[in-house]
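Once you scroll down, you'll see the structures, which are given as structure tokens.
Heads up, the next two complexes both have chain A, just with different partners, chain B and then chain C.
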Partner chain A sequence: MKRLLVIALALLGLASAQVQVRISGWGGTDVAIVNGVLENVVRPALEGTGIEVVYEPVEGDFQQFIFNALSAGTAPDLFYVDIFWSRAAFASGKVAALDALGVDAEPFLDNLVQAFTLDGHLYGIPKDFNTLAIEFNKDLFEEAGVPFPNQNDTWETFEAKLKAVVDRLGDVHGICVVPDFARFGAFAFATGWKPFNEDGRTVLDENFRRAFEWYTGLVDRGVGVLAQDLGQGWTGGCFATEEVAAAIEGAWIAGFLRDQAPNLNYGTTFIPKDPVTGQRGNFIFTVSWSLYEGSKNKEAALKVLELLTSPEAQQWVLERGLAIPSRAALANNPYFQRPGKEPQLNRVVFQGASQGNVFPFEFRGLGADWMNIINEALSAVLLGEKSVDQALADAQDRLDRLTGHK
Partner chain B sequence: MHRRTEALYALGFLAPYLSVLGVFFLYAFLRTVYFSFTQYDLFHAPEWVGFQNYAALFREDLFLRALRNTLFYSFFVTVVQTFLALVLAAILNTKIRGVTFFRTVYYLPSILSSAAATLIFIWVFQRRGFLNYALGWLEAHAPILLTFLGLFLLFQLVQVAWERRLGLPVHLFDPALATASLVLALALTWFLVALGVLAPREGIEVKTVWLNTRREWLGVPIPLWSIIIMNIYTTIPTFMLIFLAGLQDIPKTIYEAAAIDGATPVQQFFKITVPLLRPVIFLVVTMSLIGTLQLFDQVALIGNAAPLESTITLAYYVYNSVFPSGATPKVGFGAGAALVLALLTLAVVLLQRRFGISERGY
Partner chain C sequence: MTAPSQVDPVFLARRRWARVGWIYGTLLFIGTLFIGTLYVAFITSLKDDPLEQPFRFLFPQLSPRNWAAAWQLGQAGARDPWLGGFAPGAEVPFTVTYFVPEGREAIPPEVRIPRRKPGAGLGAVREGPYAADYAEVSPVEEVARRPGTYRGQAGTFVRYRFTVRYVGDGPRIERLPADLEVPRGQRFVEATLAPNRIERRGRVASWDNLTPGFLGYVFHNYVRVFREARSLSTGESLFWRWTLNSFYIAFFTVIGNLLFGSMAGYALARLRFPGRHALFLFMLFSMMVPFQVIFISNYLVLRDGIFGLTRLFGLETLLNHPWGVIVPGIVGSSSVFIMKQFFESIPKEIEEAALIDGATPFQTFFRVVLPISTPALGALTILTFQGSWNSFFWPLVVLTSPQDVFTLPVGLLAFRQAYGVAGDWGLILAGAFLSMIPIVVLFVVFQRYFVEGVSFSGLKG
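Here is the complex of A and B:
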């Protein structure tokens, strides 16, 4: 009896010495990734420190979950912040400024660090990131006797190659087109167009129009097909069924293709350049680990944050082809030089962040409201419901009202 | 004394429910009223702005569109689904072979969760989905179908005219003659197709965009029509069941008496069934109005498959204001819209009670 009591007391003492750090992110494939990092990197490193990590993945709308939790004071110590809603989250005052806590962002890609910096303060350490690239079906190009798309392609030469594949094979399309700024925007950026000018106004100028006409014209010119006409919601879906020769996606397509089309022989290259400016455009899609301002275990949480974004953790994730590391030093990692379709895809996506006009996937906190206006203009033209003039005029009008310029 | 004890017991039993109601309804409602007069983003302290939110709401295009969509949707769906549910219930209340089978089959759609139903319908409504395919098939085969219909009518008219000339009092759609006409028309149509005189039209492909469009039909966005069709399909069975229960209560003798007096089934339906079912119709109409005014799930589930402005309803507007994708929550705004929705629901139900079908029976 006495012994039992001693053991119980010892356990109690141990429990009280433990500091629990709660971390949270979205569900889906991230559950396996984060669990892998925790098991292989974080927990072994935390042994003996008295810090225990509890991982709470959230299926469903993570933004809604975290905004609720932040306002109710029940947020986990560390959590994901997607670049898309980062500004709203950081402006809430509930996310801790990491620079004030002495966190060093130096080893991370500057583009990404900038994306999580607001008013001179750093609010998150980039966990990983993605950009867009062109994935192409090697077999289809070879069968048609057309050279593969490559990094020297402009919109015109890229389109000509796709057209040649379509003309020679007959039963395939060049590329799936989606009325989505998350894809089209890369081409608009290539022209030198910026989402906001100094006054915070969005101006759909001549440059924007040039990209808009090229992109929406792909279907009419017999190169593209609307994804929904193939019963798909994204360009990766069309690509997996080999109904199109190319897709515009990020590295996330790798896992999908591994599942859905394991034998698909694909290559990856950069987004083609604007023939006028000679530049390419791209998006940075990224997620940070951020710290809850009201966390009671800030010190322990910072230790966990350091481990989650450590070179070891990123190496572990990279080697499994699960995500693109945010540390600049990993650019020369031998993994990227390995042969095979996935290392090539990841290499192109990694390098995409530093080529041409690259913007983070964030729109001054206006989020989907801003993007929907452009998406709707794209879909109206692609479906033949409006002329380009009409669609752009309507979109400009709505954007002006949204940004308070009307 | 005895009464007081009884009241205490009653309160005791009601307490769990009352406390839940107090916390999740009364408290939440009062908070919503308060927030609707403030600017509040969930994080910083609410800032009192008076009626500013309400004024801004009625200046905002998206809100007005949501209001218009909601009102039309609610009115149209309630009228159509109440009528169809009643007709279906009346048919399934008759003594026909295998009626239990039909009752089960017609009830099935309401067992489907609205998430599952919406996903199935998104597939049906795709540009190369089932609906367009079916419409395209009908359009391509229209010459054959119309020929068949024309032949059927022709044979039927000839036969009826012949019988009547012989002095026989046959009905225009006499079943025996109709069967003969059907066989004849089918045979002749088949013959014409086999000869190559009739052929399906080539190259007909219906490409109506049902979801991803801003086009309107009768002043209502086409995607909203899609939701209307979907909702009517999934809600009719529930109301049909309620009507069926009501119909079982109407004494058969009334119908028998009417039949002896020479009332046709249609006359019986409008003169007996409808008036005697008034309390049930009231229940169904009220439930339908409240349900349709608060339509949310199907709009949310269709999501990006359709432009927001073409499907948005007030309930979705509220949600979208409080949890906008990629932007700061506008809770005050959302609370204002939620109250407008609540008042609207109350007003519509009261108006319905006052001027529409009331629960007072015959």
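Here is the complex of A and C:
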């Protein structure tokens, strides 16, 4: 009798076998964040549903991993897609269109949803995002007796404030300048310039030139300093050592400063406006959770996707200052109203997504090839190797070749 | 004029010395190049700010005064002069000196024990007890005052003292961070222990740990390697786990290679069977195929648990399992090759004697041949261990998650991803140095076998 019971129980166990949902993203600190969300939000909610989540973070080149896995048919059910290479992933036909499966993207910020929409289909739910903001060192401004940068600043007033700090203190710089479209692009967008016109061509027009001249001229005018001249690779690195008065970074700088300069007394405001158009520009850096087209457990995976991007999950991440939530409703979250430098930084970055000309950090699948041309033009001018005319003419020529207009 | 047959001894001596100069000069240059980079990497792993510009060769972690202070503070904080900490009953006395320029009033520093998580990487998301919840700071009292000049400015040096106490009962806490803030104008001069950083244009002196202990101060990045990276499921130190995994994998890979390499090598060297030469040629050919060519097929075989065979042991797949790394490396053609070359050098008469005594080929092999093969086995052990310990590509492919299954090199990559973005290279370097230790020990102890191993595998073919 006992044996029969054991067999029956075993059979019952087989019948109610758990459905496994594999999820994957890159390694590093994300491992701890996703694990936290899984432990605190997802797994408790899945109890009794028979769904088991297996998390497989990837150390190394995640983009390569996921493209290999998609073509080999071994892709996880849910995985990250970075906006930077999203188009190539979605165009492969291996990522499931979520709108066809009835996923509602309504609660998420429209800008982000658009970033993961291709040909009218939604291919990912934004898990979180970042935009650029201006972080400024309050001590330096106070010591110099200069008012803090604020949301009404234009490039000109912002530059004048930085210049005043540099002139009065003498031993600091205004801002670190990097030859990187990921920072400079925000100013180009402010002028109304768009990366591609209707024909898919990149035109470096007068507007682009205006932003380009302003940005590369910062060093000559004594306001900026090349990051590499301070031994740094990014504007955040210069900022942490208090050698510059301001930085252009997203909310990712918070974790870095918490570690490297925990007492740094900084404030955050929006990217200054173009004095001509009165507009701001910005980037959206974002990552989605996307579903594998060949997944055998789509229904269970959708349930997990829903939990991973649920208000509870985003609240958990937000409160730890780890990422900015992608749900529009979280704009009114009390966290953003808390006093302190980090909630302020996160608030400005959150609001940055809906101010002025905001473009996703994505360039029609041309990605790094497209950006490198502009980065090299920036670098050539900043290092004094080329004149602005020459650098822009060369860049235009190369961009035309790349986009097939020559 | 010297005849052509006669050679000037002075000229000869000069040439000889020039040659010596060249050889030693080159060796010295290469040595400095390699040892120099290692040395710089090592001292960088001790620094608070590994990216500091300009690079300093002397910094607080190398000062004996700070060593002594760290030892005493560790003792005061948790009765542990080596690793320090903050435990119930602790009473940590601390003094600090500020310079107050002439015409300014000396204002005592404000002491804060912040709730601060260690590091920007994995430690940043781990919840733990904070010293701030248990620490009580005594009022700051002035103990001395003397006039003087500091960087060409006249003024007064003021020394303050305070004590941090652990009130009541509670857990032992690893770190006691502290920030001391003074109004603008006063300058930090010195303290019982040098601060980790001076912030806010000199106003804030900040310590990661007031009670570090000697090792916790000098080798703080090394201690962090073990403390900060903890498994999210079990809470145990990931670095330990990775080290154990690497040892486990290396151990079984060595055993497998010794056993199968020597058996196959013996068969190829001594046994006569049809297709022997073809087999040997095939084996040589397999040595020429890069691993990258076959890794996808290997991966798929492991994914399915070697055609489902592993289900017999309750394993669905060998991915993310140490045996997924061990099985494909359990015998390599180079080990067979090394052993074959060695067995061919053993006189046949020894085995013939065994044969006359009535031994079977197996008995001859295990009882006679293997015991006299220790040099080759030693060389093979070392080469295989070194190869397995350092192997990166295959473990990276097979071991992806959870982090508990990584080997050390893959774990170090995880470190790089978690800490590199924050410029926290000190910890990554510390991890790299620790992972080097077993190989260095192995090399120093078994140097002779390394040379033999190379000569077996390379020169006698």
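Please note the rule applied: the second predicted complex is superposed on the first by the 393 of 406 C-alpha atoms of A that agree within 3 Å, B and C clash if a C-alpha of one lies under 4 Å from a C-alpha of the other, contacts with A are read in each partner's own complex, and residues count from 1 in each chain.
In this text, a contact is a pair of C-beta atoms (placed from the backbone, for glycine too) under 8 Å apart; a residue touches a chain by one contact, two chains touch by 3 or more.
Everything quoted here is computed from the prediction, not taken from an experiment.
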Fit-or-clash call for chain B and chain C when the two complexes are aligned on chain A: clash
Which superposed partner A:372 touches (first chain B, second chain C, both, neither): first
Touching partner for A:231 - first (chain B), second (chain C), both, neither: both
Touched partner set for A:385, first chain B, second chain C, both or neither: first
First, second, both or neither for A:88, with chain B first and chain C second: first
Partner chain(s) touched by A:71 [first = chain B, second = chain C, both, neither]: first
First, second, both or neither for A:262, with chain B first and chain C second: second
First (chain B), second (chain C), both or neither touched by A:179: first
From 206-214, 278-286 or 404-412, the chain C stretch with C-alpha clashes against chain B: 278-286
Chain C-contacting residues of chain A that also contact chain B: 230-231
Chain A partner contacts - residues on chain C that touch it in the complex: 49, 51, 53, 114, 116-117, 119-122, 124-126, 179, 181, 184, 197, 199-201, 203-204, 206, 232, 296, 303, 396, 400-403, 406, 410, 413-414, 417-418, 421-424
Contact set on chain A toward chain B in their complex: 61, 63-64, 67-68, 70-71, 84-85, 88, 91-94, 179, 226, 228-231, 233, 362-363, 365-369, 371-372, 376, 379-380, 383, 385
Chain A residues within the chain C interface of the complex: 24, 26-29, 31-33, 35-36, 39, 54-60, 72, 74, 139-140, 143, 230-232, 237, 242, 255-256, 258-265, 320, 322
Touching residues (chain side chain B, partner chain A) in the complex: 41-44, 126-129, 209, 212-215, 305, 307-309, 323-329
